[in-house]
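For reference, the structures are reproduced in the following blocks.
Both complexes shown next keep chain A, but they swap its partner, so chain B is in the first and chain C is in the second.
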Partner chain A sequence: MASAKTINPRSISSESAAVVRPNNIFITTMFWATMGFLYLPLAYLVVQAFLTDPGNIASGFTMEWVLALLHGDSLWEPLMNSLIIGVASATIATFIGTLGAVGFGPFSTVLPPSLTALIMLPILIPEVITGLSLLLFFLLFRFELGATTVVLAHASFSASFVYFIMIEQLRKLDPHLGEAAYDLGAKPGQIFWKVILPNIVPGLMAGWLLSFTISFDDFLISFFTSGAGLITLPLKIYSLMRIGFSPELNAMSLVMICLSTGLVMVLWSKEQSRKWVISGS
Partner chain B sequence: MKKLVLRLRDWPPSAWIFFAWLVSLSVLPFLIILAMSFAVRSESGLISWTFTLANYERAFHLVYLKVLAKTIFLSLGATITCLLVGFPVAYYLARATPEKRQMGLMLLFIPFWTNFILRIYGIVSIFGNHGLLNQTIMRLGLTDAPLEILYTRFGIYLGLVYNYLPFIVVPIFSALEKFDLSLREAAMDLGANRWQTFTRVLLPNVREGIAIGSLFVFIPMMGEYVIPDILGGAKEVFLGRVMVEQFFTMQDWPFGSALASVLSMGLMIAVWVRMRFEQRKAGPTSHGLR
Partner chain C sequence: MYELRCESLEKSFGSFALQPLDLAIQPGEFFSLLGPSGCGKTTVLRLLGGFEQPTGGRIMLGDRDITRLQPHKRNIHTVFQRYALFPHLSVFENVAFSLRLKGLAKAEIQLRVDEIMSLTEIGTLADRRIHQLSGGQSQRVALARALVDQPAVLLLDEPFSALDPSLRVRVREEMRTICKKVGATFILVTHDQEEALQLSDRLAVMKDGRCLQVGTPKAIYEDPSDAFVASFIGPVNEIRGELAETQPGEWTVSSAMGTFKVRKNGIALPRDVSMLLRPEKMRLLRQRSNTQENLLEGEIQDLTYLGSRTEYTIKTHDNVFKVSEAELERQKKRLLNRRDRVFLTWKTEDAILLPQSAPK
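On to the complex of A and B.
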């Protein structure tokens, strides 16, 4: 999860005024060749799911394996677990992250750098370390490893993503909006529920979806904090992979690819979460 | 304008809740790892909280120094490859029209939001012994036995490059985007050839983007566990793998924690370096810093 973090938001808007000249042939070729390298393995996973004999590209295509997976039970339990964990952790993360943004929001320009760094910490630390440290934490405090610990683990770092999304969302809000409502006789509760909340819904949705996607796609932290009993979709794919090629694994990969790609498309379509797509998970 | 200062006693309750969450689930676990790295694992396998530096000392034994050297060698090779491939990609994006740039960034990052395990499985499906590549060349009659690409050191390298590439593109892209292209033309007008323009004008201006991007892929690479585990076969050692095995196979938490702490320190230095760069570049009037 650690990776380059800051990207100038302007750079992904369309207002760049740089003199644009077409790229030369070498650069263009390199770009598309790299894209080919990135997409080939994933594209082949899609094709592979439909091969009659998964070990033989020339064996012809069939829907058999995908249908068998959809009608069997090996897919549904891990998928449901992933969805439940995703929904639970995203909801917790959105709630906590928003609280933070509401609390620190008015001071966001004067927050000491150390505090901002602290909030960034969960995003910056490599996943392995996050996973291991949470595992030790859960074991030392005698949590029973399972769905609860995975939800807590996912929500623990997703809350920071939500925080940054909501800080930006709140910054866009007219600071006089609350005052105006107050002048017109609204009570504090009413100001929040009727005036502020409707205006920050897009940020809440983006934050929730980002948290859900991170949780849904996560392997490593679930692997460390789930104990023996719980199995999510990525964990299931991993355990099948350890056994070797199988039509079941290929069909399951197809399902996972479709779901993940769908989720990232939704994230990309939302302005608030787009820049986090580029900073990586 | 009156300067707004945030004092502890002014923190609203909502801020406290968020802060408590952060401290208990991010800071505290991290401190536990740090504390554990100074603890002792007794003969019975229990943890005894007596202060020792032995775990760190052990991390510098020859066995582990060899692991470290191999890990650095592989990660450095992968980082350099990412850089060589990522630079033209970043350059393409920085000079593309805004629409193409949007499209290109999206294309670059979609694969990285598909599940990590799937990306690895994709690599196995292409480069594995029964993968697409081997099927093809065996059908063409180029070889009788499959090429052993994976389950070797090269397999780890391939996995590292594939998984970390986009993260090196973004900082270089940001630096290139700020670079004033007219400088390049000025250099050309003043008689510099293409190579000179590249090495003396363009590179120095994006040096920081390159440094930051490299550090931010290099350090997490060293902690990789799944990539060496699946693509590296049984015998290839790798720092991240050794570290995770200390927790799960060897049950030696203190030593595993020491390795994890060393890795985290490396990353913190990287973050610190980046903050220094940003402060120097940005100056007091910038809007870039929060």
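On to the complex of A and C.
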């Protein structure tokens, strides 16, 4: 019995490995099951876009549908609309969200904490309601529905996200940064341009890209606020689907997947290069 | 070089109120505001720096009233608690910030920045990024950035609290050297009495928005104006008793532990007084001595060896005394252990006599 109590490093390591291994298998299985659930449908959609006869994997692969889409004119108008609306609304949302965060954030005490809930509300309200309320609002003031109303709707929705990203960004800064600049002779405008802004660029980029993605992917709010004439990429995909599944629909979905993941890649690589600069220099 | 004066300076917000404060800080002086958190020391600093407006009184620098001036027009700069260095700029650009805003010529900026950076010994760090600096280096960059403009007064807001405790003593020494070289007036805010004693020419002890005492470290340590100042600036033993004049000019304090001789200084005292004794002013006797005037018998409850000194906790009657004995003195004597009987004594003039404060 006494010998069993003496500590043998070898027996401990093998014992602990035996305890850990089943956990590892469980975790690994859960991981791949989750990944499969998330990405297999997407992968199937991508494969479909390249099948000669969609729905029949045995029919072989072709670039025919993708090329037809790229050379036809059903893709380009909705795509350009989506890109323009995305850029415009992301820019407006970033501007408003950042102003809000700088004005009401950790560098100011103007806004009581309870009121920040009001800024969070657009994120929590169901999109259908947001879309409907915006539509009613635009009609009330006799706005002509079109690109402008979609941009305004997307911007108002995305600004909340930008606000929270920027608040977090500002919290990472020394709370006395602004006062230090003021003390050294900077005017309020100079404090913002020379000290605050250069230190929140990563947040600005993240906020802008997130807003762009939200706008680019949005269907519901665009559906309510675009009126009859304007069509964005998600609206186009929806209208094609109502006619029926088609090779064109698959190819268009492929384009959307590529553009959206492309954006995430940009964001990720920027983040990585920034980390690399900091740790590498 | 100008004298900095607070004249009945007042500030109230919420439930806090800074009581009318009068202070005169000499040119080139290193002055500390010492007190526990919430005592108003940071408020005074922010009023002096121009980040808050007082609700009454004024601030004078020389014969100029600077009460309502913006921070950068006061000839006073602040070094913030976590230094607030600009992370997107190099060390050189951080230091040059105020000069660039003034639109000085490039050559002049280079000259003045180089000069202050060599004074603060950060010359080799010019091209570093802020996140590459150690705590001590960051502090010197913050000092250089605030000093490059040649302010008359520099305000330091707990500048050592962001540092590793093991670094603090050394960094404080470096800071004192730099301050004496610069010749500006320095005002330090701190809750650390050791820091205040080590650095200050004079200090003010504050509590609950009130300035309790202003004086040199020695005066405040040895002649505190009240029990709070006495215990905040260093550990102290208290004996409460009644003051009586036994013969003309001879005063005693009689307490539950016995009657002790005291020397009464000029100030008027009530009948109920506190006798305060610093641990290092008390001596331990191994045997009873009849030549000592003030004697207390007790038992060693605990002792801590600290190298240069040994600290004892001694129980007498119902009281516990802290006594600190220098190592040099200890070596000459028999070693003491827990539960040894000992006698405590002190020189009559080392007892600090104060009116009794309300029981804690």
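Just so it is clear, the second predicted complex is superposed on the first by the 216 of 281 C-alpha atoms of A that agree within 3 Å, B and C clash if a C-alpha of one lies under 4 Å from a C-alpha of the other, contacts with A are read in each partner's own complex, and residues count from 1 in each chain.
The rule is short, and it goes like this: contacts are C-beta pairs under 8 Å (C-beta built on N, C-alpha and C of every residue); 3 or more make two chains touch, one makes a residue touch a chain.
None of the values given here were measured: they were computed from a predicted structure.
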Contacts of A:Val102 with chain B and chain C, given as first, second, both or neither: first
First (chain B), second (chain C), both or neither touched by A:Leu263: first
Contacts of A:Ser160 with chain B and chain C, given as first, second, both or neither: first
Touching partner for A:Pro198 - first (chain B), second (chain C), both, neither: second
First, second, both or neither for A:Ser211, with chain B first and chain C second: neither
Broader residue contact with chain A after superposition on the shared chain, chain B or chain C: B
Touching partner for A:Leu184 - first (chain B), second (chain C), both, neither: second
Contacts of A:Asp174 with chain B and chain C, given as first, second, both or neither: second
Partner chain(s) touched by A:Asn81 [first = chain B, second = chain C, both, neither]: neither
Which superposed partner A:Thr225 touches (first chain B, second chain C, both, neither): neither
Doubly contacted chain A residues - partners chain C and chain B: 278, 281
Touch list for chain A against partner chain C, complex: 173-174, 176-177, 179-186, 190, 195, 198-199, 278, 281
Parts of chain B lying in touch with chain A, wherever the complex brings them together: 3-6, 11-19, 21-22, 25-30, 32-33, 36, 85, 88-89, 91-99, 101-102, 104-126, 128, 130, 132, 135-136, 139, 162, 164-168, 170-171, 173-174, 177, 181-182, 212-213, 216-217, 219-220, 223-226, 230, 240, 243-244, 247, 253, 256-257, 260, 263-264, 267, 271, 275, 278, 288, 290
Contact footprint of chain B on chain A as seen in their complex: 2-4, 6-8, 11-16, 18-23, 26-28, 30-31, 34-35, 37-42, 44-45, 48, 55-58, 96-97, 99-104, 106-113, 116-119, 121-122, 124-130, 132-137, 140, 152-153, 155-157, 159-160, 163, 213, 217, 219-220, 233-234, 237-238, 241, 245, 249, 253, 256-257, 260-261, 263-265, 267-268, 277-281
Chain C residues within the chain A interface of the complex: 49-51, 70-72, 77-78, 80-88, 97-98, 101-102, 129, 131-132, 145-146, 149
